Amino acid sequence: MTLSDQVLATLCKIAPDVDPASVDRARPLVDQLDLDSIDYQTFLAALGTEHTVAIREVDIPKLRSIDDLTQYIESHRVS
Amino acid sequence: MREIRMPSLGADMDAGTLLEWKVAVGDKVARGDIVGLVETEKATMELESFADGIVDALLVELGAKVPVGTVLARLRDAGEAAIEAPVIAPAPPPPPIPVPVPRAPAPPPPALVRSSPAARKRARELGVSLTGVAGTGPHGAIVLRDVVPPAPRAAPPPVRTPTSMRQAIALAMSRSKREIPHFYLAHTISMKHALAWLTEANSTRTIQHRILPGALLLRAVAVALRDFPELNGFYIDDEFRPSEEVHLATAISLRTGGLIAPAILDADEKPIDQLMAELQDLVVRARGGHLKSSELTTATITVTSLGDRGCETVFPVIAPPQVAIVGFGAVLERPWVEGAAVVPHPTVVATLAADHRVCDGHRGGLFLATLDHLLQEPAKL
Amino acid sequence: MKMSYRDAVREGLREALIADPGVLLIGIDIGKYGGTYAVTRGLLDEFGPERIRDAPLSESAFVGAGIGAAINGLRPIVEIMTVNFSLLALDQIVNSAATLRHMSGGQIEVPLVIRMATGAGRQLAAQHSHSFENWFAHVPGLRVVAPATVADARGMLATALRERDPVIIFEHVQLYGIEDDIEPAPVALDGAAIRRAGNDATIITYGGSLPRALAAADTLAAENIAAEVIDLRSLRPLDVDTLVASVTRTHRAVIVDEGWRTGSLAGEIAAQLGERAFWELDAPIGRVCTAEVPIPYAKHLELAALPSVEAIVAAVKEACHA
Amino acid sequence: MTREQILAMLRSMVRVRRFEERCAEDYVAAKIRGFLHLYIGQEAVAAGVIPALGPADSIVASYREHGHALLRGIPAAAIMAEMYGKASGCSGGRGGSMHLFSREHRFFGGHAIVGGGLPVAIGIALADKLRGTRAVTCVFFGEGAAAEGEFHETLNIASLWRLPVLFVCENNAYAMGTALVRSEAEPAIHKKAAAHRIGSESVDGMDVVAVSEAATQAVERVRETGAPWFLECMTYRFRAHSMFDPELYRDKAEVEAWRAHDPITTFIKRMTVTADELAVIEREAAAEITQACAFADAAPLEPVEDLLRHVRAP
C-alpha cells in the first residue's frame, strides 16, 4: 500500500461515504468532496498522528490535494 | 366362560386394591350381584358382576393392588366344566420409573458480548465481528447503531435523509414558524484581529490541537450571552424560562442529508482549547450517529455556521423551545474603512434571529455589537 | 358526515335493525332509558318493545337468552352495560356461546353479537373501571374487537352481524365523545391499522389507549423520534403479521394496554413478538399497562394508575436507547 | 290407554334402563371415560314428557340426558359412539356423555353447568315467540339447579316476557352429595315458580302415566297460552350421582325403599304386562344395544389433524 494510498485510506475513515476510486489525487479535495473545515482539520490531525509529521500552520493553505499531502509527509516525516 | 375384571371407577383411577371377596368358588352369581369390595384412592367401592354364572376361580389374592382391567375372577355357565387353573401370582409391581441422573451443569458460556438481537443480525449481515465494538446501549450493550459497515465500502450509500429525521425537522421548523414571531438582525464583523490571533496561537500548537475560527466564534457567542439572558432559555407553556447554563447547539449538516444540532454543554465556562476539542468530537460522533440523547435535547441556544464555502449571510430559523439563534456566513475579504483608507479585511456577517415575545430589536443589536467587540480582542476569550 | 363515536354506534344499530327483521336488542335500560351511554336513545320509539327489549338485572339469564335466540334463528345484539357486569355472564359467554359449536360437533351455531363498554378514566372506582378484554381474547370460539375510531365504531357492527359465531365488541367509555368526519361503510374486523407511520419505534395499542399513543408519538416527533402507532382493532385473532412487519422496520416495540400488566394482552403480544421478531429486536419489548392496583377513585391516583402519555414517551425513548 | 300405548311406554323405559346399564358396564371396562351420570330410576320422567313434544318443539337437557336423547329419537348407536369418543358420535366425539346434541331432533344439548341450560332455553323460546311458530321449548334440570341465581333470573324473564317454555324439574332428592333439605329452605321446588307468577304442579316422577298426563296437558297449555309452565317430577336415582360416587350421603335402606317404586316394575304390575310381552321388549332392547355397541366399537376416531375444527364457522 503506497503512502498515497494510506493518505486516501485515512480520508475515507473520516468520511466513510467517500468512494476512494472516484477521488482525483491531483485536484484539491474541497473541490471534489463535501468536506467542511472540521472534517479537514480531523483529517490533517489523523495524518499527523499516523505518520508522525508536524504539519505547520503556515503550510496548511498549500496542502489541498492527496498529492500535496503525500509529498509534504514524505519530506517532513521523522523517519 | 366370563371374567370379572378390576373396574375403572373414576377418570383418574389406574389401579385398585382387592379388599374382600363376597363369594367363594362354586357360588352362583347373578347379574348385578355384589361379589366383592375394591379400594380406590377415594373410597371403598362395591365390585359388581355384569354376568350370571358360577364362580369358577378367584384369581387375585386379597390385598393385592392390580391395574384396572386385571381379571380378578372367572365365572363358568351352569353346564360348563370347571377348569383347574393355578392362582395367578399377584401382578408384578410396576417397574420403578428411572430417575434421570442429573447431568453435570453445562460449562458457563464464554463471556458473551452483551448485544441486541438486531445488532447481532446486522453484524452477521455485514460480516463484522462485535468484539471490541463500544456499545452505547444500556450497560454498554452493543445496539444497532453501534454496528457500522466495514470501511471502505464499495458502493457509496445513497444520499437519503432518514425519513424520520426529515419529518422531525419539518415538524420542528413548521412549529417554529407557526408559533415564534421572529425578528432578524445582521452585523458585519472584521475578523482581522481574530484570524491573526489564531494563526499566531496555532503556530505554537501541534496539528492535533489546532484551533479553527468556528470554535472562536462559538466562544465569543457564549461569552456575549452572559449579558443577554433573554436570548438564552426556553419558551414553554406561554412563558419564557431563562436558563442559568449556556448550552450551545451547533448545527451540523450530515453528508447523508439532514441536519443535527448537538449541544456543547456549559460553553461559557470552557476555554477555547476545550471548546475546539468538544466541537471536533461532536462533529465526528454526529457523522457516525453516536450522539447521546442528552446532547440532542438540552441546548439553550443554537449557532449555525455555513462554513468557509457557504454564502455571505444566513437568516436562520429558531429551534423551539429555544428563543434565539445566531448565524455566521462565510469569512470573506471585503473592503474595510480604516481611518481614511479603504483596505481589504477578512469579515463575517453575524446574524441574530430572536423571539419577539421575549426580547426586542434594541437588545438584539446590543448583543451583536458585544459579539463584535469581543472578536476584536480574541486573546481575552 | 361528522358524528360522534356514540352516534356512529347508534347508526350502526339502526342500520342493522332496519336491514334484518331477525335483529333485536337485549340489554339493561337500553329501551325507555335510552342506554347508560345514550347509545340506544330513540330506538325504542322507532322499533318497539319487541325488538328493543329492556332486560331485568339478570346478566346470566339475558345473555343466555341471547344465545338461545341466536341458536334458534334470530340475530340478537346483547348489550352488557359494562365489562364490569360481564363477570356475571362469563359462564354463559364461555361455556355456552363460545363452546356450543364445538361440543355439538359443529351442529349448533351461535351467531350472537355482544357489546360492552370498558375501561377507566371517569373516576368510577374499582368495580366500574375494569378492562378485561384479555379474558375474552383468551377464549377460542369468540371473536373480540375494539373499535378505537368513529369509522370503526360505525362500520364493525354490520360485519360482525355477518359472522356465524359470537363477536364481542368493546367500546371504551372515554371514546363515546370523540368526533370525526366519516363515510358510513362496513369495515373488516380483521387486521391492525397503522394510524401513524414512523421508522424509529412501534407503539402497539387498542381501544381507549389509541389517543394517548398518538399524543405520545407527537411528543416524540419533536425529539427526532418517529414512532409508528398501530391500532390492533381485533384482539382475537391478533394480526401479528402487521406487528412483526413493523417491528422488522423499527426494531423497537412498546405495547400500551389498559389491562393490568400481569396476564395482560400486552404480555401475549410481547410473547408473540419475542417468538416471531426476536432477531429484529434492538431493545427489550416495552409494556405500558395499568398499575397493579384496583382502580382508585381519586382523580390524581386514577391518572397515576393508568397508562399515561409521559409513560409511553419514556418507554419509547428507553427502547431507542435515547 | 290402548295396549299399544302401554307397551310403548314400557318399551321406552326398558330401552333407557338397559342402555344405562350397558353404559355402566362399558365405563367399568374403561370404554367410556370421563364423567358418566346414569338415569336408572328416573326413566318415567323422560318416557312421560318427551313423547308429548312435537318435532318443531325444542329440548334442552342437563348432563344426565342419555334417556332424553334416546327417547327423542337420537339413535342408540350415535349416542354410544359419542360415549366412546368416536367421530360418528352424535356430537362428533367432541362432547361425550354430558354433551349430547342433535340439530335434526332440535335436541339442544346436554349442559354440564348446573342450571346452565335454563337461560339458553328461554332464548330459544323467545325466538319461537317472535317468529310465531307456536313451538314449545322444554328444559330438563335437577332440583339442584334451583339454588343457582340464573334459575330465578330465568323464571322471572320467562314470566316477564311470557315465553313458551315448559320447565321440567327432575327432583331426585340429591344434588350430587347434598340432600335437598340441606340446600333449599323451601324444598317444594314447584312453589318457587309461583314467586315468578308461573303456573306449576308436582307429580309422582316414578309413575310414567301420571307424568305423561301432566306433561301432555302442560305442553298444550304452553302452546295455547304462550306462557311458561313448571312441572316438578318427584323421582329417585337408584345408582350413584356418577360412577365414582361412593354414596356416603345416603343409606342403603333408603335406596331399597325407593326400589319398591321402580317405575318399570310398578308399571308392569299395574298394567298386568304378560311375561311374553315383556320378553319381546327386553329382546328388542338388548338387540338395539348390542348393535349400538358394535357400531360404536367399529366406528373410527376423528383424525387428530381435525383438532381445530368446530371452533369457528368453516
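Note that the chains take the letters A, B, C and D in the order they are written out, and that residue 1 is the start of every chain.
Keep this in mind: a residue touches a chain if its C-beta (ideal position, glycine included) is under 8 Å from a C-beta of that chain, and two chains touch if they have at least 3 such contacts.
Because the structure is a prediction, the values reported are computed rather than measured.
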B-C against B-D, pair bridged by the larger set of C-beta contacts: B-C
Innermost chain by mean C-alpha position: C
Whole-Å gap between the CA centroids of chain B and chain D: 63
Approximate Å spacing (C-alpha centroids) for the pair chain B, chain C: 29
Where chain A and chain B are represented by their mean Cα positions, the distance between them in whole Å: 37
Residues of chain D touching chain B in the complex: 25, 27-30, 33-35, 243-244, 246, 248
Chain D contact footprint on chain C (complex, rising order): 24, 50, 53, 55-56, 58, 60-74, 76, 91-92, 95-96, 100-109, 140-141, 143, 163-165
Chain A - residues contacting chain B, complex: 9, 12-20, 30, 34, 36-39, 41-42, 44-45, 47-49, 54-58
Contacting residues of chain C [partner chain B, same complex]: 198-200, 221-226, 251, 278-283, 317, 320-322
Footprint of chain C on chain D - complex, ascending: 58, 60, 89-95, 99, 101-103, 108-109, 111-113, 116, 118-128, 130-131, 137, 149-150, 153-154, 156-157, 160-161, 309-313
